[in-house]
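Down below are the structures I want you to see.
Okay, so subunit A shows up in both of these, paired with subunit B first and subunit C after.
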Partner chain A sequence: MIRCMRLVPALVRFSTARVMAYRAEMVIWILSASLPLVMLALWNAVAAEGPIAGMGQGEMARYFAATLLVNQLTGVWIVWQLNYEIRTGLLSTQLLRPVHPLWHNAVWMMTALPIRALVMLPILGALLAWRPDLWVRPDPLMLPVFALSVAMAWALAFLVQATFAILSFWLDQSIGLFGVWYSGWALLSGYVAPLALFPDWAQRPLRFSPFRAMLGLPVELLGGFVSPREVGLDLAVQAGWVLGALVLVRVLWRRGLRHYGAYGA
Partner chain B sequence: MSVQVRDLTKVYQVPVKQPGLLSTLRSVFHREYREVRAVDRVSFNVEPGERVGFLGPNGAGKTTTLKMLSGLLHPTSGEVRIEGRRPQDRSVDFLKSITLVMGQKQQLIWDLPASDSFELNRALFDIPRQVYRERLDELTALLGLDEFTDQPVRNLSLGQRMRCELAAALLHRPGTLFLDEPTIGLDVEVQAQVRQFIDAYNRNTGATVLLTSHDMEDVAHIAERILLIDHGVVRFDGSLGELQRRFGPGRLLTVKVGRTTEAQEHLLTGVLGMSAGAAASWSKTVAPDEVNAVLTRLLQDLPSAEVSVGEPPLREVLTRAFGEARERREEGA
Partner chain C sequence: MVGALARVSLLIAMQYRSDFVFNGLTGLLRTAALVGPLLLVFQHRETVSGWTGPEATLVMALFLLLSSMTGALMEPNLGAVVEHIRRGTLDLVLLKPADAQLLVSLSRVEPSRLWDLPAALLLGGWALAQMPAPSPWGVIGAIIAVLSGLAAMYGLWLLAICTSFYFVQVDNLRFLLMSASEAGRWPLSLFSGWLRVVLLVAVPVGVVTTLPAELLRGRGSWEMVATAVAVGTGFLVVSRLAWRRALASYTSASS
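Up next is the complex of A and B:
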């Protein structure tokens, strides 16, 4: 662990060069993830006839602006990267270096975050100009809570994608499985609709689901939709998912490496 | 002992499917696998500083063996120790002590200059800056890198890229080199440069070198000991000279004659069955017990000819060795 942390500056320098080399591709990727804007337009029209589950047009705008930002801040692509490396044998070159390939990739994907945030600024600026009431001054105490939650959401997104990618050691179609997971995530994480709009019976399981921990919770924290009384439990649940996913990734990785090789390693 | 290998075995489970729609549908519910024994109870030791060539036909198990030795693949059974360490543990100390250069795979990032990958390796392998600078200068001079390490790797020629790969792989000065087809696809000049470089690296650092190659020039220049592998089994372990004596079809007789008469040409090609080569020379591989008779005849009828006796081309020796191994395998089956 100490060694991993010691290598961070060098990995950041290298990853920054890599991110800059692929900047145009990355900007296209970022702009292509604009579904929250579409959903905003849709729900804004629906809420014009009156608030739904306590959310009017202003709340909808705030929710989806937060979704747009959090979705970018938790964006990773390890499932495609690692799946490709395992299937083609390119993982071999990473395995020969004295640094864990997942750690190397994690730093690379974290290094892309400032660019992602930078691309979002003009879009968020335009949203603010359209709806000045979108600008809320969150409780200063909630900002570090939001930062912690978004960091855990990023970690969980990375670990979940890594889990599916590691399945490539055994399966040809792990990306297909991830597609199934992604469909569930899009529906149940709050990406296409705020979780508050779901029926009452679904609220409790959704609150404790990994999907909310990956997106919905930090969005709700940034938008001011979580009461301070609930924050502690929500963060604990989120931390639990991160820890569980970390253990799963470690176990699968060790077992997967024993299978590595059948794909032209 | 630098490398110790005992009963090393690797068995792959390979999915199999018969052609046709019915078979495709059946494979959805019941997938069949076949066991492929890529390496079968291979044992050998390598002393520090030795240069060993793994030779064998395609699919013989050479690359699988190298990958197990470098920790990429886990053996199905058997033991490997590289300088006392188990490769599959992939400890930091182990990874710092070895390198694997794969002619068909690259470790440099395609869209970045090679210098970025060098700098990354400096940090990952904990090389002090001053030492890194000295080593990079040395590698730059030996491999002639100074003109292109600042260009994106995608813009380099194959030869330039391979030289950068070698530099990146050796910056941490590993004590054991695994080279898998290091000169594949390179032009003759760069191939020679790479061979000379590996030779110099071995002499200067005392590193152990294990090489696989289908290029006989690589083998002749780099390897002093040969391990012949066929179907995952070691068929021969000895020096290059021993290999040539054991499997060689005989001695290579070369005759150089300034100007020949029609009768002399008839003797060389018609009677002795020699093939004409470049610069008025003829050659033939002659069975050991026939060498004296042919030499006598040549000296009688062509007293002014320059005759030399040498080893046959390594390619010819290996073709016979592989053929013999195949026959033995078929007999065993």
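Up next is the complex of A and C:
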């Protein structure tokens, strides 16, 4: 662990160079994630006749502005990267390096976060100009809570994608499986619709689901939609999912690696 | 000629049968997730921007039709051309005694994406059954609009293929095109004026989704059909010219 820490500065330098080398692609990738804007147009039209589930047009704009930002801040692509490395055998080289491949990728994907957030700024500015009432002064106490929640959401996204990627040690179709997970995530995480709009019977399972822990919770925290009384439990549930995913990844990774070794790679 | 090409690419894709079935199952789940937001919207409202639930479902069904066509026919070929150019094997395609545009546009089919078609038919059929029967002119107009819109989208993808002659990394363009067309899932009247124009003329998804739905629900006009045909022809002509230009400037990897 301590040895890993000493390597961090070097890894960050290396990763930043890697991110900057593909900056044009990066921007295209980021702009591809414009679905929250489409969904905002939809819910804005729905809320035009009056608020639904307590959300008017201003709240919708605030919700989806937050979604746009949080989605960028929790963006990872480890499932494609690791799947590619496993399929092509590139992983063998990665394993020779002094840093665990998962750490290596984690640092790489974290260094992309500032750029991702920067590219969002003009879009968020345009949203603010379009609907100034989306801005509310954030509660200073909530900001560290939000930061913690985003960090956990990022970690959970990374670990879930890593889980699906590790499945490619055994399966050819791990990317397809991830596609199924992704569609479920898109619907149930709050990405296409605020979770408050779901029917009553779905509220409890949605609140404690891993999908909300990956996106909805930090979005609601940033937008000020979570009552302070609920924050503690919500964060605890989120931490629980992160821990669970961490254990799962560790176990699967060990077993997968043994299986991978059997190829003689 | 087209038939022969389609058969060969189908054969290639059918070599992986279990993948085909697996992709079918995942495709069904993906479709279910697409319909989710529709259910949510119309649980809260009777109409949105003048569209009822079934009418909006019809737009969604037309979008599924489009995305299955793009996924099955257009997207894999864009990838194939990029690969050809990078490896220099495009020369072999150009040497074949047939129109290269045809060969390039139909060299690969991804049949698993055709799984979206039954879902599109089911959703569309349900939606039409809930709506008052469309007039015969409406049906004819809608068919013309869908075909023109598909032609226009093909033109757009061919244009994307053409850019790969100048820039190597257009793989990412694919994601941009796909996410831009996502907006076509919803009736265009949800969007503000300039975005509506973009979705009709620049990324012409609206021609495949909203225009036919308008015609089928009896709000259409002959101007809509004319727009559709104009956009379709425009994209076909422009992309053909761009293809010629791109080929003329192509210096193969081997020469």
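Details
By definition in this document, the second predicted complex is superposed on the first by the 260 of 265 C-alpha atoms of A that agree within 3 Å, B and C clash if a C-alpha of one lies under 4 Å from a C-alpha of the other, contacts with A are read in each partner's own complex, and residues count from 1 in each chain.
Convention: contacts are C-beta pairs under 8 Å (C-beta built on N, C-alpha and C of every residue); 3 or more make two chains touch, one makes a residue touch a chain.
All of these numbers come straight from a predicted model, not from anything done at the bench.
When both complexes are superposed on subunit A, subunit B and subunit C sit side by side without a clash.
Of the two partners subunit B and subunit C, it is C that touches the larger number of subunit A residues. Of the two partner chains, subunit B is the only one touched by A:A17; subunit C is not. After overlaying the two complexes on the shared chain, residue contacts for A:A45 are found with subunit C alone; subunit B is out of touch.
Applying the stated contact rule after C-alpha superposition, one finds that A:L90 touches subunit B and leaves subunit C untouched. Looking at the shared chain after the overlay, A:V119 reaches neither subunit B nor subunit C. In the superposition on chain A, A:A239 makes contact with neither subunit B nor subunit C. Between subunit B and subunit C in the chain A overlay, the least Cα distance found is 5 Å. Within the complex formed with subunit A, the residues of subunit C that make contact are 19, 22-23, 26, 29-30, 32-34, 36-37, 40-41, 43-45, 48-49, 169, 172-173, 175-176, 178-180, 182-183, 185-186, 190-192, 195.
Across the complex, subunit B meets subunit A through its residues 10, 12-14, 64, 67, 70-74, 90, 92, 95-96, 98-100, 102, 105-107, 109, 111-112, 116-117, 119-125, 152. Taken together, the subunit A residues at the contact with subunit C in this complex read 24-25, 28-29, 31-35, 38-39, 41-42, 44-46, 49, 52-53, 172-173, 176-177, 179-180, 183-184, 186-187, 192-193, 197-199.
Touching subunit B in their complex are the following residues of subunit A: 3, 7, 9-11, 13-14, 17-18, 21-22, 89-90, 92-93, 95-99, 257-258, 260-262, 265.
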